[in-house]
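Just passing along the structure, written as structure tokens.
Should a chain be cited, it is by its letter among A, B, C, D and E, assigned in written order, with residues numbered from 1 in that chain.
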Amino acid sequence: MIMNTGLKTILFAAPAVLGFFVPMALGGSGAVYAACVLVAIFAVMSYGLDIIVSDLGEVSLAHTVFFAAGAYTTALLSASAGMGPILSLAGSILVALAVAALLGFVTLQLREFVFSLVTYAVAVVAATIAQNWSFLGGSDGLRGIPPFEISLLGFSARNDQELWPVAYLLLLVAIYMVSSFRRSKLGKAAMMVHLNQRLAVTSGVDPQQTRLQVFLLSAPITASAGWLYAYQRAYISADVLEAYFLILMLTAVVVMGRRLLLGPLAGVALILVQEKFFSFGGYVDKIILGSVLIVSLAFLPNGIIGLFASIRTLFPRRTMPIGKTIPERS
Amino acid sequence: MNLTQQLVNGIVLGHAYALIAIGWTVLLGVARLVNFGHGQMYMLGAFVTWYGISRLGLPYILAIPLAMLVGVAVGYVMQRVMLQLTLKQDLVSIMIVTLGFGYVLHGAAALFFGSTGQILSTPLSMEDVYWGDLWFTYQDIAIVIVAILFFAALKYIIDRTRLGRLARMVAEDPQLAELAGINVKRVYLGVFAFEGAAVALAAALVAPRTPILTSMGFDEVIITFVVVVLGGIGSVLGSYLAGLALGLFVAFFGAFVSPAYAMAAAFAVLIAVLVIRPGGLAVSPGGR
Amino acid sequence: MNTRPVLETTDLKVAYGGNLALDLPRIAVRERELVGVVGANGAGKSTLVNSLLGWSRGSPKVSGKVLLDGRDISALPPHERVKAGLLLIPEGKLVFTQMSTEENLASTADDAPAGQGRRRYSTDEVYALFPRLYERRHHLGSQLSGGERQMLGIARALRLGPRALLLDEPSIGLAPRLVSTVLETVRSLVDSGLTVLLVEQNVHAAIEVVDRLILLERGRILAEGTASEMRDDPRIAEAYLGAHV
Amino acid sequence: QAQQPIKVGVIFPLSGGAGPQGQHVTQAIQAMASIINDAGGVMGRPIQIISRDDESTPAVGVSRANELISEGVSVIIEGWNSPVTLAMQPVINRAGILDITAISKADPILSGEGNPLAVRLNSSNSQDGAVIAKYIGDSGAKRVAFLTENDAYGNGAQEAIEAELKKMNYQYEKVAEEKFPFNQADFRVALTNVRAANPDVTVAINANEGLGMPALIRQAKQSRLPGKLVTAVGTVAPSVIQVAGEAANGVLGADIYFPDVEPFASNPENQKFVKKTQEMFNYTPDKYMALGATALQVWAKAVNELKTLDKEPIAKRIRGGNFTGTVMGDIKFAPNGQLESNHKLFTVEDQKIVVRPASN
Amino acid sequence: MSGVTGPVLRVEALGVSYGALVALDDVTWSVREGEILGIIGPNGAGKSSCYDAVTHLVRRRGQVFLNGEEVTDIAPHLLAERGLKRAFQQNAFFHEMTVLENMITVLQDRYGTGLVATTLLPFAEARRRRDAVEDARQRLMRFGIPEAYHGLKPTNIPYGTQRMLSIALAYGSGAKALLLDEPAAGLGGKDMTHLIDLLISLKQERLALVVIEHHMDLIMSVADKIVVLEQGRLLATGTPQQIQSDPRVLEAYLGRAQ
């Protein structure tokens, strides 16, 4: 058993280290770094949504709001207040927590479509506010975000290549958080509430508290993606609240097959690679993206990953060990 | 400020909203299905009507059934593809697959119809009616009448007829419905085909009010969503009233405050309503 | 009495994944016969009645033939078999919880034809059988007690005009008094022309009403015979003992 | 080596609501590239246009810009939607590539924050405000209503008009002010309010050419809006008139370029450009297309003059510089990079743009 | 009231109404540790409603005491935390999980690790998780669910075994008072024997058990005390012997079966 755990740790650690060298392995050009940084950022953004969709079983359409909360807070704190990345990250997380608490409170009683609708309504209201409130730059957005620089460590990132270590670290942290969440009591409680609320209650789980807590975990993850995105793009406008990011997140979460730890990452990579390197123009791309969604959900019960059963072991199932991993009893 | 004119605007708008939402009311309430491609199906209905009139030279009255036919076909194909998900009642996947269909429809329509704006003009939309200070078109009258008739018929069918009961049985437990001798797959296909036809009809009637673009549909799906949820999921009467209320709200909010924030305000109201009454307006609190 | 079987199955094999849950060479139920199927939990009783209808909440592999009045219905989907007159009252969820008792009872299958030994019960007739349902006719299914749901499940099937009825543990959740009422009702339905395959855990009660009894174990027939023969069968006694304590 | 083409990146929306216009601008730039190549190219090398679709989405625009940067383009001509331009500016600037904004109107584009060496061709809100204000003053209208798109562009345009009117010390009453979101297509509620105010002039500011503007024009006509309907500069292109149909007749607008009106009609550069575009794409260029083509032309002139592709000298040559013999005639850029332009009022008659005789 | 001799669970004047229908009215009973209380009554008598009232799943009148402490206003999940557990008449599972996962999930209060601890001490968490698997397996076996079923989805195991699983899930990591709603429904043969053994062993663990049951042989043989409900009202209380000879009970419930 101990061996088993050790082995597993290595199994996880090895790809984690190797992953850092992916852009170099792909040639290390500016475009590759730009793509990799974006994949990392959007994957982190999607992980926030992933725990809502996969574990809580709800489709939140308000996650762009958390993303925007991170991005706007960072833009304001860094461009206007001159704060560094660490402080702006803290600020982003705090703001996201506040928004999540509010949203969580409002949607406490709501389920399924109604939940989706209300979260969507929140996103629309947020977009209206962002577009019209001059404090947030209105429809012109916020400019003048300085480069990512942590003077304390003497670290500065002026381009995507230099930003990559930060993005990759953020990605690793997000994945680790999600995996921890799923193994923790809270993750189990979320599944219980998702699968059978009555039974969850009589097993001592408070559904509303659970939902609120999951929201409070999910929001900072997505917001931290917004934080880095602000630095990467150096400009933030109300477009971060648009459907583009929402669809990107949703697709990433489901396309590879739901409840896979690395699913959102692979999903984002797939979408961005298609969009950047195999683009056929806006409309054909739409048809492709739509078809991928349809095919992977309607015809591949295990997602795209199901097609490659052999590499499936790399994507550990979210749920607990099932029959076969239990040691034989004598 | 001309309040009577705003009232007319609101009533027409409200019936248009209700009409656009009707297919989804049936989907959601009767079969517990969702369709995020609804807006794009609306767009497609509008463009097929336009194509029928201006390219094929059909009279309006024939272009409508053509659009509905295409709607039926799209609805059928969609459901055919999702049948397994539907039988499994995998709502999250269904939401996202229909979103994917919306994408495909948008892309395909833009490639086929082009992405320039078009005017869908019908014999009714060209006829303005002026009553003293009031102004509307025959198209507006048609929208109100068709919406009322459609809702009345639907209410009757769902509540009173075998067909409606059938669909409700399938909605609740498809497997148990099978044991009652119901061809579950056919009901699902039928409900989706109905949705396609209903939204195409709505498009053929409502779209002539404004220019049409292949990129539209987003607003329609949102409005539908609001109407259906606010009305209480599955309540036919509820969604009629919710549509009407939303139309009046948008008109009067626009009149007294600003059209710029009408939708955001409607959402704010919606959120407030749902926090107080999670089941929407139609269902009594604590019921069920 | 006509002795041609109304319901017959040959070489019925059902497997879940790799596990063979049922393997029966032949079972036949004749006109106006009440055949009981008993056996321990997991013996395959539900699997048997479900697969006769080609129905399941899981996804089993079914092979073999099912004949209704000599007609091979193995290839038909469940709803077609229902229309042909083969009706199942499953175990577990029996009623539509979002509909009232009255609506639950409203006929749903396409004009189930009468004749050929089929009789559709009218709403009044089922209310007469189960007065409790009449009192609760405006309640939603979700508001009924467990036993009321069980009654409604049986009543629904009768409304559909069965030729042959498959009953999966109808006595679950019924008060003792009602158990015997229900089983006697089933008996009288059979006497008035219905053909029934009855799965029952309560051997004690079942043996009083059935014509023949089949004892299943691990998907195979362990014993079969008329009620009186089986009453003294030691293997039955074993099962019986469990139920009786 | 001399054969190696010089790559020019072009980013406009090619799909979505603004797709048709973006495609046209891209085509105009291609036509101009072909004219330049026929005349020997740039520094003796041909121009190769690499075009990308920003889908009117800043995030997509930024990735497209990154793509073009790694393709090694020497200049990027971009910009239909201001937020997309604002998002791309820092990215292109950091990569050390010259960025010319063709259309996007937002003022911060020239603020120097995203790109200290910005260049823009389309007129700014304040330039536009003057001509409309002047018209209102000349017409003697006292009751003025505004129907304004509620974003930076719309509000800015309205402010500019009002500021000009104030500067003129013109006495008028603002009888209605209705704001609406960019993607609005049904203006009946707003128009009802405006109509009730009985204005002499209604200024419509709506940059949504595919949907909003034609809808607004039609519905204004149908609702029997009293007074004159004046549209903000550059919002009524031939495509708008085509969609709006007969309802467009009588609408008043202003713009900076008309292919067949003096001084453009007799300008040989313009004639060449119009002919080439018609030949290649079977389309008569509009203002946006002319601006796109001029952007490329100005850049090519600067490069040929300075014999370098470097960003800084070229930008400095353009900003505050004069150019002769362009599609737009002899032109001048302000020191902040803004092209200075001349506005002309026009009315729509018989669904055709008819330029009003110059009154200045 | 002393915790040792006083009742573990006591309900007083409990009442439930659904609109105009009074499903339960003025019902009082109590159960001590190591005692089995049977609740019987005709269909629709209000037995299940009584459980819903005790566990605070419906709006109700009256009072509930757990270990002598009033818990009337405590939220349902907190009641569970305090050791008041229940099973449902209709089987309740976490459907997409296997039987074993179901069991592990309800053991979270014992083996679960908080989010922070999981993040910071992953190895400790893994150890606890392994313990949970082992414990869950043992518990399932104890509740008569053979290992062959552990890897299947709950709806794919025989109905009788599903019943046992429902009870196992309700009991979870342990309970002071356990309410079972017709546990024997659908059980027969060996499974019935198992159930009886299980009830007796739970009783020996000093658990306070309340069992709704229509299965007279079972309830009469294991219950220490029986409450009879009819049309929402308390018809009789007493020992099995008293109940079996009570003419009102015979009339209303047992009929001529006895």
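By definition in this document, a contact is a pair of C-beta atoms (placed from the backbone, for glycine too) under 8 Å apart; a residue touches a chain by one contact, two chains touch by 3 or more.
Here the structure is a predicted model, which is why all the values come from computation and not from measurement.
K.L.:
What's the overlap between the neighbours of chain A and those of chain C?
P.N.:
Per touch definition, common to chain A and chain C: B, E.
K.L.:
If every step must land on a chain the current one touches, say how few steps get you from chain A to chain E.
P.N.:
Between chain A and chain E, the shortest chain-hopping route counts 1.
K.L.:
Using mean Cα positions as chain centres, tell me which chain lies farthest from chain C.
P.N.:
Looking at centroid distances, D is the chain farthest away.
K.L.:
As a test of understanding: of all chains, whose mean C-alpha position lies farthest from that of chain E?
P.N.:
Measuring from the centre of chain E, the most distant chain centre belongs to D.
K.L.:
Return the chain pair with more inter-chain C-beta contacts, choosing between A-D and A-B.
P.N.:
A-B is joined by more C-beta pairs in contact.
K.L.:
Averaging over Cα atoms per chain, report the distance between chain D and chain E in Å.
P.N.:
74
K.L.:
Using mean C-alpha positions as chain centres, tell me how far chain C is from chain E in Å, no decimals.
P.N.:
29
K.L.:
If you average the CA atoms of chain B and of chain E, how many Å lie between those two points?
P.N.:
The answer is 47 Å.
K.L.:
For chain B, what residues touch not just one other chain but two or more?
P.N.:
110, 115, 260, 263
K.L.:
Find every residue in chain D that makes contact with two or more other chains and list them.
P.N.:
Within chain D, residues 15-16, 19, 150, 181 contact more than one other chain.
K.L.:
Among the residues of chain A, which ones contact at least 2 other chains?
P.N.:
Where chain A meets two or more other chains at a single residue, that happens at 128, 132, 282-283.
K.L.:
Chain pairs that touch, all of them, please.
P.N.:
Final set of chain pairs in contact is A-B, A-D, A-E, B-C, B-D, C-E.
K.L.:
Any idea which chain A residues touch chain D in the complex?
P.N.:
29-31, 34, 38, 128, 131-132, 138-141, 143-144, 158-160, 233-235, 237-240, 242, 244-245, 272, 275-276, 279, 281-283
K.L.:
Write out the stretch or stretches of chain B touching chain C in their complex.
P.N.:
Touching chain C: residues 162, 165-166, 168-169, 171-173, 175-184, 288 of chain B.
K.L.:
Please output the residues of chain A touching chain B within their complex, sorted ascending.
P.N.:
Listed in rising order, the residues are 53, 57, 59, 106, 109-110, 112-114, 116-118, 120-122, 124-125, 128-129, 132, 243, 247, 250-251, 254, 258, 282-287, 289-294, 297-299, 301.
K.L.:
Would you tell me which residues of chain E are touching chain A in their complex?
P.N.:
55, 57, 75-78, 80-81, 85-86, 88, 92-98, 100-101, 104-106, 108-109, 112-115, 117-119, 122-123, 125-126, 129-130, 133, 137, 147, 150-151, 169-170, 172
K.L.:
Which residues of chain B touch chain D in the complex?
P.N.:
Touch list, chain B to chain D: 1-2, 5-6, 9, 13, 110, 114-119, 128, 130, 135, 137, 209-211, 213, 215-216, 219, 250-251, 254-255, 258-260, 262-263.
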